[in-house]
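Letters A, B and C mark the chains as written, and numbering starts fresh at 1 in each.
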Amino acid sequence: MSSRRFWDWFIFPGGIWIALLFAVPLMLVLALSFGHVDDFGRGVYGFSLDNYRDVFDATYVPVLIRSVAYALATVILCLLIGYPVAYFIARYGGKYRYALLAALVIPFFVNYLVRTYAWVALLADQGLINNLLVDWGFTQEPIQMINTPYAVIGGLVYGYIIFMILPLYGSIERMDPSVVEAGKDLYGSPLQTFIHVTLPATQAGILAGCVLVFLPAVGDFVSAQLLGGPDTYMVGNLIQDQFFAASNWPFGSALTVVMMLFLAVWMVFYLRRASKGEAEVL
Amino acid sequence: MSTPFYKPRFLRLFTGLVYLYLFIPITIVIVFSFNSQKSLQVMEGLSFRWYTEFFNDPTLMDSLMTSVQIALVTMVISTIVGTALAIGLVRAHSGTSKGFNILMLVPLITPEIVAGISALLIFSQLGIALSIWTIIIAHITFSISYVTIVVRGRLASIGMEVEEAAQDLGASRWESVRLVLVPALWPAIVAAGLLVFALSFDDFVLSFFTTGEDAQPLPVRIWSMIRFGVSPTINAVGTLMMVVSISAVALAVLIPRLFGRRESGVKVLTGAEE
Amino acid sequence: MSDLELNRRQLLLAGAGLVATAYGLSGCTVERPLDRSAAGDIVEPKVDGDLLIFNWAQYMDPALKKSFSDKYGVAVNEVNFDNLEAMVTKLRAGGAYDLIFPSTEYVRRLRDEQLIRPFDRSKLKYADSLSPFYESPWYDPNSEFSVPYAYYTTGIAWNTEEISTMTESWADLSNPEGFGRIFMLDDFQEGIGQANLLNGFYLNTEKPEELEVSKETLLEQKEGLRGFSTSSVQNLVSGAAAITQAWNGDVVNARNQVDDPSIFAYETCKEGVPVGSDLMCIPITARSPGTAMLFMDWMLKPENAYQNVMWNGYPQPVAGGREAFAELVKDDPSIDVDLAQLDDSAMEFRLDSPEARQQWTRLWTEVKA
């Protein structure tokens, strides 16, 4: 047995598993997206572009735009919140560094639904936050926080911020502190140094974090379902409804394909960097 | 050292606030799971009422069992397959490894809803009735990639030397993997397995699409419960799930230390390089 | 860069494979055909294995499953669905459930698609006291596929402490007093149906021009909505909703969860009150159809019906169930359902053609988007 063959055998079980149960089903989604529904509402494969015409119908385009906008807002907020935290842990965490990181990971391992549900309880009109605001006299009437776009974005940030902080932490920790010191001599003010030295040096972490938050946020349907209102319908909800409420699998598949094509740009970008070792993997 | 965030203490304050933001909702869940009343707003007294309710509800108990079974089977299979994949990917320098190196990452960065739909579609197409096994298969598919990444991170720091030495001593290539490489990787393998256990135990979206005639896993049950009314039992379920998955993660962090290496489990898990 | 070249070659291969697959699959349905050989056999009530129930969440008293399990020595398991379409999806995927709970319209669809099995209703001991509506109904002319489980009306619930101007009309869903605090049921038939009634159309209209008008109505109503949701109980109790479209049983449940039940009132609307029934059926894929039939009888037994209604808040059209519900709603008779209402088939959701269904679901998606 040649050396190459020997190691290839290690790859095959996992590689073939992923190919058969991930790549092939994706192809089925693509195939079904050209299909239609029969009289019973069952999906039938075919060769029609009708579903794609529908996806780009004036009715659904706002949903696509909304999803991307929410996901972008989520990415920006995660970056703004996550960078200082990652920076603090990496630079000032000292011996508590790992403890701080572990503490950060804990909320992530609480079920996503339960976490989102907790926000429902917190943000409700009769919820804890509103009760406090009223008791302390900040407001007479409860402020509507739940069932708003802000609540949905807040839920997404809460759900995915860990994917931002971990890669940021990795790249900040790896950065050579002497570079920053040198930059300080060169640029003077801390802000200038940050912009010209620290940010570029941690670019890999920033990019990885942004992509890793953006991808799941676009496809999310839990946050909008539980925290959203009448105008927060995201593409994830739309797809979910096509499969489980409207029984239009082919249209749902077309939506999925369009979403994936849009995301593929970011995925390829990320994968290229990750495979060259330029991006933090997780 | 200077920071762009004005002074370290502002940075510390900010970080503290973020931790508060992260922990308040979870604290609420835990605290209200012990509420003696149905209210989710007012704490009226301590009781185990909602836990009693949970343990006396056979449907919820079945769900708990299902969730544990799914997570266990997923953990075992994906750890074995994922570890092999990691070894193969690092050691083989063939076209195969290049292609799979990329393919392996795709499940990780694909929105879960897409994976859920794909799984539902392939099972329907093949005429496989949805059951606990379809959930497990769907979970394994993304778990393999997690294991591979964690194990690969560790593998990168182990050179070929030990294996070569073993082979010089007469071990076959397979023996050198089994007797030398795997033991050296053991901390990462265990950590990855536990991580996958926690992820699978908590997963909602994939389970939602692939659940069938067997008892629904807990997250799917929680979804129905949330949609059909207030029930503080959710807080109790949430707290219990939290205990299970955080124990798994804590073990994942601690176990590498038990192997006598002075290194952090967090480091093993996050794949931080030496 | 070599990675990318590799990708390109693989992409080409994948593309070729895809075209071949698509060609091979063209015309095939997504689901594999189920084994329908049992479709002709009549089910007999006898213990033939453990029972798997597929139902809405929180719709059956767990104690009744327990007592059945004790009496017959079989395990009773339950899984839940969020909506009926999802139920059909899982059934078609081959799910071997023993007992399901579709609405009247779905009974007919499932029957047409041969997804449910016939059984002999006369073998059920407690079927005598069923309301006459369920004898040879339109969706099941020979009464051989279904027995009723519960029935309900759709109306509007509101918080009496906040809202004082209700008019017994579907127009109340855009009551300015509750602007921004109103919920509509996240159900395409309930949503479109009330708009049809408000506009004076037939509940199940299939006329495109009428549906277009109703769509405009819905979009106007959406302005004042806080959300589309079926969690009416939670929305009322948590204070999120001042006004909500609701099923009468949920109002009963909401009232049971607060200290002063009178803060939640319910009205049925003068333009028309949709009435629906949920039924019990045995899927073609059932492994224990006999046990399922025994369980049907169990739920029809007067004292069990009484207990179940007290638990879930929905009336059952059988002796014991009716009395229990009358007791639950004695303070607010508007929640009650007059059995004569059931006979008004114009007030029952039924979309007869597949085209109509698609038209309706599409319209609903457009409203929600």
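Some notes on this structure:
Going forward, a residue touches a chain if its C-beta (ideal position, glycine included) is under 8 Å from a C-beta of that chain, and two chains touch if they have at least 3 such contacts.
No experiment lies behind these values; they were computed from the predicted model shown.
Shown here, the protein chains touch in all possible pairs. Each of A-C and A-B has its own count of C-beta contacts, and the greater count is at A-B. Chain B and chain C have CA centres that are 35 Å apart.
For the pair chain A and chain C, the distance between C-alpha centroids works out to 34 Å. Separating the centre of chain A from that of chain B, both taken as means of CA atoms, is a distance of 17 Å. Within chain A, residues 23, 28, 32, 124, 126-127, 243, 249, 275 each touch two or more of the remaining chains.
With touch defined as above, residues shared between interfaces to two or more other chains in chain C number as follows: 3, 30-31, 82, 92, 238. Shown for chain B are the residues in touch with two or more other chains, namely 40, 102, 120-121, 125, 223, 226. Put simply, chain B touches chain A in their complex at residues 1-6, 8, 11-12, 14-15, 18-19, 21-26, 28-29, 32, 40-41, 81-82, 84-85, 87-89, 91-94, 96-97, 100-115, 117-122, 125, 137-138, 140-141, 144-145, 148-149, 153, 173, 198, 202, 204-205, 209, 218-219, 222-223, 226, 234, 237-238, 241-242, 245-246, 248-249, 253, 264, 266-267, 270-273.
On the chain A side of its complex with chain C, the touching residues are 23, 27-28, 30-32, 34, 37-47, 59-60, 62-63, 124-127, 142, 144, 146-147, 228-231, 233, 237-238, 241-249, 272, 275. The touching residues of chain C, counted against chain A in their complex, run 3-4, 14, 17-18, 21-22, 25-31, 82-83, 85-86, 88-89, 92, 109, 112-113, 180, 188, 222, 225-228, 238-240, 354, 357-358, 361-362, 364-366, 368-369.
Contact residues of chain A toward chain B in the complex are 4, 6-15, 17-19, 21-26, 28-29, 32, 81, 84-85, 87-89, 91-92, 98, 101-107, 109-115, 117-122, 124, 126-128, 131, 158, 161, 166, 169-170, 173-174, 177, 180-181, 184, 190-191, 193-195, 198, 211-212, 215-216, 218-222, 226, 236, 239-240, 243, 249, 252-253, 256, 259-260, 263, 267, 270-271, 274-275, 281-282. Within the complex, the chain C residues that touch chain B are 2-3, 6-7, 10, 30-32, 52, 54, 56-58, 62, 65-66, 77-80, 82, 90, 92-97, 230-231, 233-234, 237-238, 253, 257, 285.
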